[in-house]
Amino acid sequence: MVIIMKPHTPKEEVVILKQRLQEENVEVNEWDGENFCVLGLIGDTTKIDESKIEANEYVERVHKVQQPYKLANRLFHPDNTVIEVEDQIIGGRDLTVIAGPCSVESEEQIVEIAKLVKKSGAGFLRGGAFKPRTSPYSFQGLKTHGLELLKIARQETGLPIVTEIMTADMIDRFVEDVDVIQVGARNMQNFELLKELGKTRKPILLKRGLSATIEELLMSAEYIMSEGNENVILCERGIRTFETYTRNTLDLSAIPAIKKLSHLPVIVDPSHAAGLWWMVEPLAKAAVAVGADGLIIEVHNDPANARCDGQQSIKPEKFDRLMEDINTLAQIGSRNIYETINI
Amino acid sequence: MVIIMKPHTPKEEVVILKQRLQEENVEVNEWDGENFCVLGLIGDTTKIDESKIEANEYVERVHKVQQPYKLANRLFHPDNTVIEVEDQIIGGRDLTVIAGPCSVESEEQIVEIAKLVKKSGAGFLRGGAFKPRTSPYSFQGLKTHGLELLKIARQETGLPIVTEIMTADMIDRFVEDVDVIQVGARNMQNFELLKELGKTRKPILLKRGLSATIEELLMSAEYIMSEGNENVILCERGIRTFETYTRNTLDLSAIPAIKKLSHLPVIVDPSHAAGLWWMVEPLAKAAVAVGADGLIIEVHNDPANARCDGQQSIKPEKFDRLMEDINTLAQIGSRNIYETINI
Amino acid sequence: MVIIMKPHTPKEEVVILKQRLQEENVEVNEWDGENFCVLGLIGDTTKIDESKIEANEYVERVHKVQQPYKLANRLFHPDNTVIEVEDQIIGGRDLTVIAGPCSVESEEQIVEIAKLVKKSGAGFLRGGAFKPRTSPYSFQGLKTHGLELLKIARQETGLPIVTEIMTADMIDRFVEDVDVIQVGARNMQNFELLKELGKTRKPILLKRGLSATIEELLMSAEYIMSEGNENVILCERGIRTFETYTRNTLDLSAIPAIKKLSHLPVIVDPSHAAGLWWMVEPLAKAAVAVGADGLIIEVHNDPANARCDGQQSIKPEKFDRLMEDINTLAQIGSRNIYETINI
Amino acid sequence: MVIIMKPHTPKEEVVILKQRLQEENVEVNEWDGENFCVLGLIGDTTKIDESKIEANEYVERVHKVQQPYKLANRLFHPDNTVIEVEDQIIGGRDLTVIAGPCSVESEEQIVEIAKLVKKSGAGFLRGGAFKPRTSPYSFQGLKTHGLELLKIARQETGLPIVTEIMTADMIDRFVEDVDVIQVGARNMQNFELLKELGKTRKPILLKRGLSATIEELLMSAEYIMSEGNENVILCERGIRTFETYTRNTLDLSAIPAIKKLSHLPVIVDPSHAAGLWWMVEPLAKAAVAVGADGLIIEVHNDPANARCDGQQSIKPEKFDRLMEDINTLAQIGSRNIYETINI
């Protein structure tokens, strides 16, 4: 941690601050420049509360040296985390593809789509049972009945299922019924939910919040991991920017950034990113080329009658063609990002 | 709702879409321009799902005419909502000031600060018992013990208390112990929590999410109101932008916008907005001048030793001087925004 | 154009507005909903000034139906624009790669780099002679001497040269000396410069401004084209967002968007987007996969001693390996975005 | 300057970097933490190019200690800069109000508005002669004829005139004809124009770019000042964010920030910020309350027929009432921000 004092800070105030810092068992170095005095802290600074230091009226700014996350940090865990779910592997050599409708609508719908995406090569089935919607008047999902339908689709196809949890009181049910538990973008900083999920051992698919920095995403992973659950899969799904042509702006630079900062697997959601079905294909390809560990894609057999997000769902035939292209892309080895970015 | 069809859409596709729309009991008007065909819908379009229409591959864009919120909409409720809590009124002629520390730390601390802010004229005491923190390693609040200490401070001063809820399972306790229940920015779209709070009749202080649009804030208020609780107070607390000098960017234009769109009271949090104690004063004054119904301000007797957010807390003496200035500002009548903005 | 009137607008005010609009030779349709009256305009609305209509105090909102650009619009020019420069083609079947240092530093430096990037397969040499720098104290480029050195490098390698113009008074010199004239992000809305460049017939590489929408970028292209110069190449180079890990956020969804909206070629600058040399490779691959027509990449033989932007420049060996990967990617046909996105 | 080295950087690479830094006449301190080695530089670091250091592949991050601007920095110039124009003072005790139409349309129009705003108490007349417009098909201003009409209005009222320059070749004419030369938001980083304006001694009104940070605004002021012209007035006019209800988001926290960082006067443009005439009044009041040195407001006698930006112009009667309120606000001393924010 580096502390920059305000110009003209009285000598005695620097002494007082240094003493206070030394009480926290860190070594304090001081440099005196022409206008600014700088304090550099060595030792375990993770217990030092930045905001307390910034509250000191003689402090101009505080810069962190060490990242505030440890368990999610590649520095202390150089090897990639690989997560096994049934016969599928996430974060390994092969690309993981999760596909399915925005929401589960009926047994017929979910089973049909499950069969189609499996045939095209998807490794997981997605489908929302509990749906977070901006409007209280929109379809909120089939809830527990939706979970039952997902289980039927799993039985019919063998595909493990991924679905979103919205409240901590459903955790036991999800642990029993579901293979990968998704935390949606709007709940990325629902810290109580994260802590409870940390007490399970289920793989958690943690989506980046619309306006969350990469560091905040990793801090949310840290919440889950600090309770003992290390099976965290990160997901980039677009951030909120000034551009309105797309619903969000897919931040593909987050993929190499996360690969460098963390050992956790990271996948991309091209459907929510743009909110436009015709952009799913090019963005999915770009995600593979940039080095993502996988994709989560919305596929619907009748988008124009989907009960939610039809505008960003692609049809099974289009998904089938996309999977072919993705396989070719993956084969030319463009996934080896981590090796590349390390010196 | 206005639907713009893609150029060169076959005539029969327009006919199919029109028929489908008419089945939803709306009247459909069609205009044929040189390049675009436009459909205009008249009637109750709130039940029509935009995303379904956008999923139609011949649709270029959809524009809403009517706002998607009803209960929060000034159009259907022209008079200001006024909320009474004990002897305090929020949304009326007088400015509401809520003050207190970021987090409750001890009986001594909270009682002392409560007495001081009361003396300066604050109408409510704030203080966090459950604290949402970016890091799992930061102080998470005194939790239920914090609620007990807030109740002691209320008993000592008579000030009603405002504190943040993080999970639905605490609602009964909060309803019993607390006067105004705060929903933090990170939970603004925790829809399950909002729905449960909607079943109580407690005043809810709903903070705008870091990257929430004004419309999304009003939709979250609608979630609470649609369950029967109309006692919603909105709060602008800064949005996330590219500027990094301040922690967030206070969006004061949201105040006249909300006053125009909605009848709900709206207050401003200048402490979280900038995250800098020395900006609280100018931003608080600006908030009053722009027409906010009140302020929520972090006050701490020893910011440099506060257990959280000391860098944005002001000392009681500074708060006292600020209250004097605010009173003068309020008296010159700059609050009458609503009358001004209507023709 | 669709005009939504305020609720409760007096009938006579609607009549007055309709008359005024009809004077501009457009047909005006009216729909009367329960709360809102909507006017729909048919005909050539490009001459109607939106801001005048919005200035009417009874107007709630105005939505455009037609894009405000014509010459850059794919609607009126369905085929891709293909630009020929010497033996190079931009916007055709093959990918265009422009490479070279941030700034021209010496004859030795620019000639050496030119030879190296040519050997790796680059089709154009880039190099800044006039440098827009945030600080007046930073190196501002070798200016006209830099142009002379670029010409020497062209002579030695045969590579056409691309370099940035900063003022209209240099246009004659650039037309004479340079093969593609670059307009930097900070000058994207320097409309006087755009108009003057529109009077030449040189290919113009127009970079998207840091906070320009896709529509604004196309409007700036329209400025150049409306003066007669249709040789415009667009360039996505990252937009400003709240994320600070990367200098800017590369918006790859802009590529399929621009391909859909416009017939102009569009390339990607992965160097400026992230501002991090180790991200150039993954982002360049993603750009090819998403369907860009080309890349512009900063290559320097000694980044740590580069006179500017060394932190985002890659070394010639790295560029060489990257070109191999890009060739493989391009061959698997991931470029065929335009055919894909059209129904 | 503080340099954080990558974890596991070889000792000899640190030594090489230190030697290179010492050659630039700065003292280099080294701290070795458990994972990171940190270098702290003392001395004049303004000549050290950050990007060169970041190009070193062993460097993780670089933090500046000193602001990169000197002439605009309050640290080296503690007293407020006060600029005199005729009998008006900008940056002094009194508030400066600049008012007038978006663009000069006719002699009758500009003279009438000038007389009205003068009567209400404005100190300067604004009016665009050269207009930067997003579309090449929009009205581009009366150009030099507009300058002539402004001069007539000045002669009739005695009000000094403020108008925008777009190209360096007009500087001589502007110096002769105009009292304050405005640089628009889109030209804030047109560095060549800034340098040329720096060679004059005319007061320059420098508007913040739509996506410019406060530091970048001050660096642009530094460009003008480094050429010798210290008469720079800054202007906050709204930044680009994700919120679309208002055209831009007025960043009023920029005012106390600039007052702390710089000695230059700073005014606010509430008209362009929101782009909505009915928000001008509340935002103008907030700007005065937050401590701005002045306001620039668009006033038009017939907004619905204005040739540009009618939607954000207020009528003279509204301006007159606003001036009364602003006078009251200013009198209660809310301008004393600078004294407040200093310890």
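In order of appearance the chains are A, B, C and D, and numbering begins at 1 in each one.
Quick note on the criterion: contacts are C-beta pairs under 8 Å (C-beta built on N, C-alpha and C of every residue); 3 or more make two chains touch, one makes a residue touch a chain.
Note that this is a predicted model, so its numbers are computed, not measured.
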{"item": "Listed chain pair B-C, A-C or A-D that repeats interface B-D [over half of contact pairs the same by residue number]", "value": "A-C"}
{"item": "From chain C, the most remote chain by mean C-alpha position", "value": "B"}
{"item": "Chain centre separation (chain A, chain D; CA means) in Å", "value": "39"}
{"item": "Rounded Å distance, chain A centre to chain C centre (Cα mean)", "value": "31"}
{"item": "Whole-Å separation of chain centres (CA-atom averages), chain A against chain B", "value": "27"}
{"item": "In chain C, residues with contacts to at least two other chains", "value": "57, 211, 240-242, 244"}
{"item": "Complex interface listing, chain D residues touching chain A", "value": "2, 4, 6-7, 29, 31-36, 38, 40, 42-44, 57-58, 63, 65-66, 75, 211, 240-242, 244, 343"}
{"item": "Footprint of chain D on chain B - complex, ascending", "value": "211, 213-215, 239, 241-246, 249-257, 260, 273-274, 278-279, 281-283, 285-291, 325, 328-329, 332, 334, 337, 340-341"}
{"item": "Residues on chain C engaged by chain D in the complex (per definition of touch)", "value": "46-47, 49, 51-52, 54-57, 68-69, 132-139, 166-169, 186-187, 189-192, 195, 209-211, 216, 219, 222-223, 226, 240, 277, 303-313"}
